[in-house]
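There are two complexes below, and they share subunit A, which is joined by subunit B in the first and by subunit C in the second.
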Partner chain A sequence: MTVALRTRLDRGRRRGASLWWGTGVLSAVVLLCVLAPLLSPHGPNEIVAVPFSAPSAEYPFGTDALGRDVFVRVWVGGRLDLVIAAIVVGVSLAVGTVVGIVSGATPRRWLDALLMRFVDALVAFPFVILVLALIVVVGRTRSFWFLPPGAPAIVIASLLVNWSIYARLARAETMSLRGSDHVAAGRMLGYPQSRIVGRHLLPGVVRITASYAVADVVIVVIATASLAFLGTGVQAPTAEWGSIMYEGRAVLGTSWWITTFPGLVLAVTGLAVTLIADALLKVER
Partner chain B sequence: MTAILEARAVTKRFGVDGPPAVDGLDLAVAPGAGVGIVGESGSGKSTLARMLAGVLPPTSGEIAVGGRPWTAVDRRDQLRRRVQMIFQDPYGALNPWLSARDAVAEVIRFWDRPTRAEARERASQLLADMGLTADAMGRRPRGLSGGQCQRVGIARALACAPDVLIADEPTSALDVSVQAQILNLLVALREERGLAIVLISHDLAVVRHLTEDAAVMYAGRIVERAPTHEMFRSPAHPYTRLLVGSIPGMSGGEARTAHDPGVADHPCRFAPRCPRRADDCIAVRSHDPHLPGGRWAECVHPHLPAAAPVQRTQTQHGGRT
Partner chain C sequence: MTTRALGDAPQTAGGAPRRPSGSGLRTAARWLRPLGRALAVAAFVVVVTFLLIRAVPGDAVTTIAGPRASPETKAELREQLHLDRTMPEQFSAYVQDLGRADLGRSLVQQGRPVTTIVGETLTITLYLVFASIVISLVVGVALGLLAATRHGWPDVTVRAGLTVLLAVPPFFLGLILILVAGLNLAWLPAGGWPGTWPDNLEYLVLPSLALAGYLIPLVARTTRQAANDALAQPWAEASETRGLSRARIMFRHVLPNSLLPVVTLVGYNAGAMIAGAVVVEAVFGIPGIGQELVTAVNARDYPVIQGIALVSALLVVAANLAADLLVAAVDPRTTRA
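Then we have the complex of A and B:
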């Protein structure tokens, strides 16, 4: 076996390994988010024991300042974090890709300029101030459908800023594909613009934006948790990784488990998603 | 003889005030004709090819297909099918997300609207005619060799049932052994389907193999036109002579070190490199390029087949319209 072939196989095996580890760990986190609260005899806001009990067999992550089970709160909170991330990333991916491809493929220069200046304006706007402004507008206690108070403002604010990154990525990729011979061939074969965009540009553009979307899940989860940690996110008593950590920060020295466990789960989830994103991006090249 | 594809005084400029890539060029392609266009890199060959195929609009001048300018041909117009092109980069010309069969079937479905199964059937047949194995038809460009990709590109062009096939350096990205296969395929297509072909190449041997008429391009202009065999036998333009002389195994040319194409103030673009440059070779554009013996070259001091001293015609009006 040649050296080149062997390194290629090794690289393939490593890539496979990181993909398996990533999906394995992420599935475990999702599974726990879904199942742990169902299997637990009590709810996330129920006072079950003495406040600040250290981790034990009955309460693996200990209890918080009110005597609630941190283990249950972490997994119930995870549901919210992952749902917010899924909504924000999903909508951003769809909207950003469409706007970017339109901007990059349109023969009308003014339309491209208009869309991109709009994106520039959004990106230039400070994110935290935008969230604060939205919370004033939407209301701290406004809930929407299954989203608890505070969450709708986060979703709207994240979406407003987030889709623009996809739009820029999609536009750049569209511009580069547009000059390629297979798009020229499409024009030569008489295909209408809609078919060229849909069949000859979109698959390549989605490849780029979808790869980014996987990595973006981590960014959105961390942003959501950070906002709660700053006190502007999901409102108490709703459990969410950032809000649990926020509540535990004052007693970090004595009751370390309240902040440490949600932080650990957040970090592990982020790592798993990054591993997946990494493996997927390598497959593309 | 009515030309099926005709370029009239076509100019293409990239950027606002760059030198023109193609400069006031005329070319006519008759049905079933084989026209070779030769020139070195940067002479504007590929730009011309794209304009002829209607994918690049000229800055000025007009390209007409079946008598109608490209600008008046709608995308869905049946005229659109009649001129097709095969590209220099066989991979890049194919949609990377479609299999060979799907790429060809897409064209058939688009133009002829048969059922999905029938389109697939016809695509498979066409690809098989081009020498692609059934196994390769299901693969995407990434899984195909350069030669296979070029066969797919040719099949896709033929799926339109064109009258003219423009081949822009169809073999320059391929291995030598595969080059011959693709060229033989093009020869067979001309014989079987009566296709006119515009072959664009820097490789004189390829042009000689496939065409009856040849034109030599230099810095965006055609500097010599002649029947292919005659051009090779006795090149009239000093630049043609230089090109012919640079083929290994060909004799009769004057080998000379090539400099960068100097587009100086000199009216003749080739003058800075020309071994025959003289003080009076000015104003080529007002000079009649028709030479005795039915030859055509934009040169004041051409090489003529007869050993006689240069008899240049003294007409002062422009030779081109």
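Then we have the complex of A and C:
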């Protein structure tokens, strides 16, 4: 039908644009986070002006309850959010893909069933609730290497839950690839299982899980910020998008800038990643 | 019911027969398979909550209660979690407690039963979740149908708006709503919970809108997709050729076909909605499981945390099962592996 055809053409034309916009905005955010120290002579925990100063040319995002520069805190905080997201998404992608392929390719039906019911159970828990329970177990205030107090617990707890979604995706893709001609051809040629998994299954599965990973970055960043916003994430005085918003919410009515600017940056980052992820998913389809 | 004329839409897109021609056994399997799967997942949920603290190396009681906990607290926790016994004994005791609907007692709230605490707070959370599901269905389906039928700028505007809404985390949307509608315009209370009906309704509006910000884009996108798919079917063209009005085609044929994916979408997103509610409650100061959870985390009240995790996960398993059964009931072609 003409309508369907037109939609498809539309999609093809707009895919490039949304990919460009998404990548451009995301690069700008990442660049600002990386270059944060060059943006201002002040540090994120340095008291620079009168508390609760409204946004001005000198302090574009205003100052917070202690007189710290919110602009600097937002970009320095963004680093931590992005680093946490990179670790969580990277490790989940690797672990989940491997578990999913094992589950989908194993000739042992019981192993597949066992792994997948476990995955189903992990996915069934509301993400934030299970992560909170794990954070208590891991130890909320612990710091590790370059990660400030509170961050390691978030990373570990999120990892323990997050790999399961990748495993589910990888298993589904493995199952559908198993029936495809090139895998059957590999079998008939007598290739060993390891070669079939590595050369015939893995590339196709990774395409799927890696495109999901892009969208997952937003999910993890939002979860990290949410935990801090609940007062159970990264500990003060470390700057992080959620923790800045948490500190500012009591004075939302009078000093709106403390919560609004980190929230806006978070939303813009989310939008950029969503645009990229949507474009990638359309390519996959 | 009007008699079905030639070319009218069948109940499911694609024109499959209503009843499968399989044996009774296959029909039974269609119902029993999701049921069995849900039971297995529920069992694993119980195992996961059991393992939560026991998988940690070292003394579980010190891990939970913290190094500065009083000996009384530690002793109480050890007894409650049966930590003085072997692992299999611990598990069997845990399951037996669950069988009696005994989730243990709070370590801080004068030993109140966790079941009572979870029951009271979960009710409030479910009001919030339910209200935002209703809002999301009404707004999301309307937007989705609008985008599917009006090509050109309405479609583009709606889709762009949905993409933006999808990127805004519910707690930030909640803060904006408080700032604009609660404080500056003072239309609605900016937070709190009176605890009596119908006063609660007024306090439910902004939080459920904030939470609906997550679900509306998903519902609208699914509706738009389903409606476009339905409109691309031969019977849609046939109806148009027969001179049926646009409204009749939309509401009698396209809408019913779009509802199944939308309703199942809501079922499969129950977990995300509960997780979102946890955070939204913190923004608006609503005393649901979210607030209870944060209090429990700060007080290291482990039995309460464990209880909330278990009950919310079982609720999600039930919602997913409901969606699976709905699919099995409506569409006999879907036989899920």
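Here is the rule we use: the second predicted complex is superposed on the first by the 259 of 285 C-alpha atoms of A that agree within 3 Å, B and C clash if a C-alpha of one lies under 4 Å from a C-alpha of the other, contacts with A are read in each partner's own complex, and residues count from 1 in each chain.
Please note the rule applied: contacts are C-beta pairs under 8 Å (C-beta built on N, C-alpha and C of every residue); 3 or more make two chains touch, one makes a residue touch a chain.
None of the values given here were measured: they were computed from a predicted structure.
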Now for A:Leu122: first (subunit B), second (subunit C), both, or neither, which partner does it touch? second
Is A:His200 in contact with subunit B, with subunit C, with both, or with neither (first, second, both, neither)? first
So, does A:Leu130 touch the first partner subunit B, the second partner subunit C, both, or neither? second
Is A:Ala184 in contact with subunit B, with subunit C, with both, or with neither (first, second, both, neither)? first
State whether subunit B or subunit C is in contact with more residues of subunit A in the superposed arrangement. C
For A:Glu58, using the defined touch cut-off, is the partner it touches subunit B, subunit C, both, or neither? Pick first, second, both or neither. neither
For A:Gly270, using the defined touch cut-off, is the partner it touches subunit B, subunit C, both, or neither? Pick first, second, both or neither. second
First, second, both or neither for A:Pro192, with subunit B first and subunit C second: first
Shared contact residues on subunit A for subunit B and subunit C? none
Can you name the residues of subunit A that touch subunit B in the complex? 180-182, 184-192, 195, 199-200, 203-204
Going by the contact rule at the top, pick out the subunit A residues touching subunit C in the complex. 1, 3-4, 6-7, 117-118, 120-130, 132-140, 218, 222, 225-226, 229-232, 245, 249, 252-253, 256, 259-260, 263, 266-268, 270-271, 273-275, 278
Residue set of subunit B touching subunit A in the complex reads 50, 53-55, 75-77, 80-81, 84-85, 87, 89, 92-98, 106-107, 110-111, 153, 156, 160
Residue ranges of subunit C in contact with subunit A within the complex: 37, 40-41, 43-45, 47-48, 52-53, 56, 63-64, 151, 163-164, 166-169, 171-172, 175-176, 178-179, 183, 228, 231-232, 237, 271-272, 274-275, 278-279, 282-283, 289-290, 293-294, 297-298, 300, 302, 305-306, 308-309, 312-313, 316-317, 320
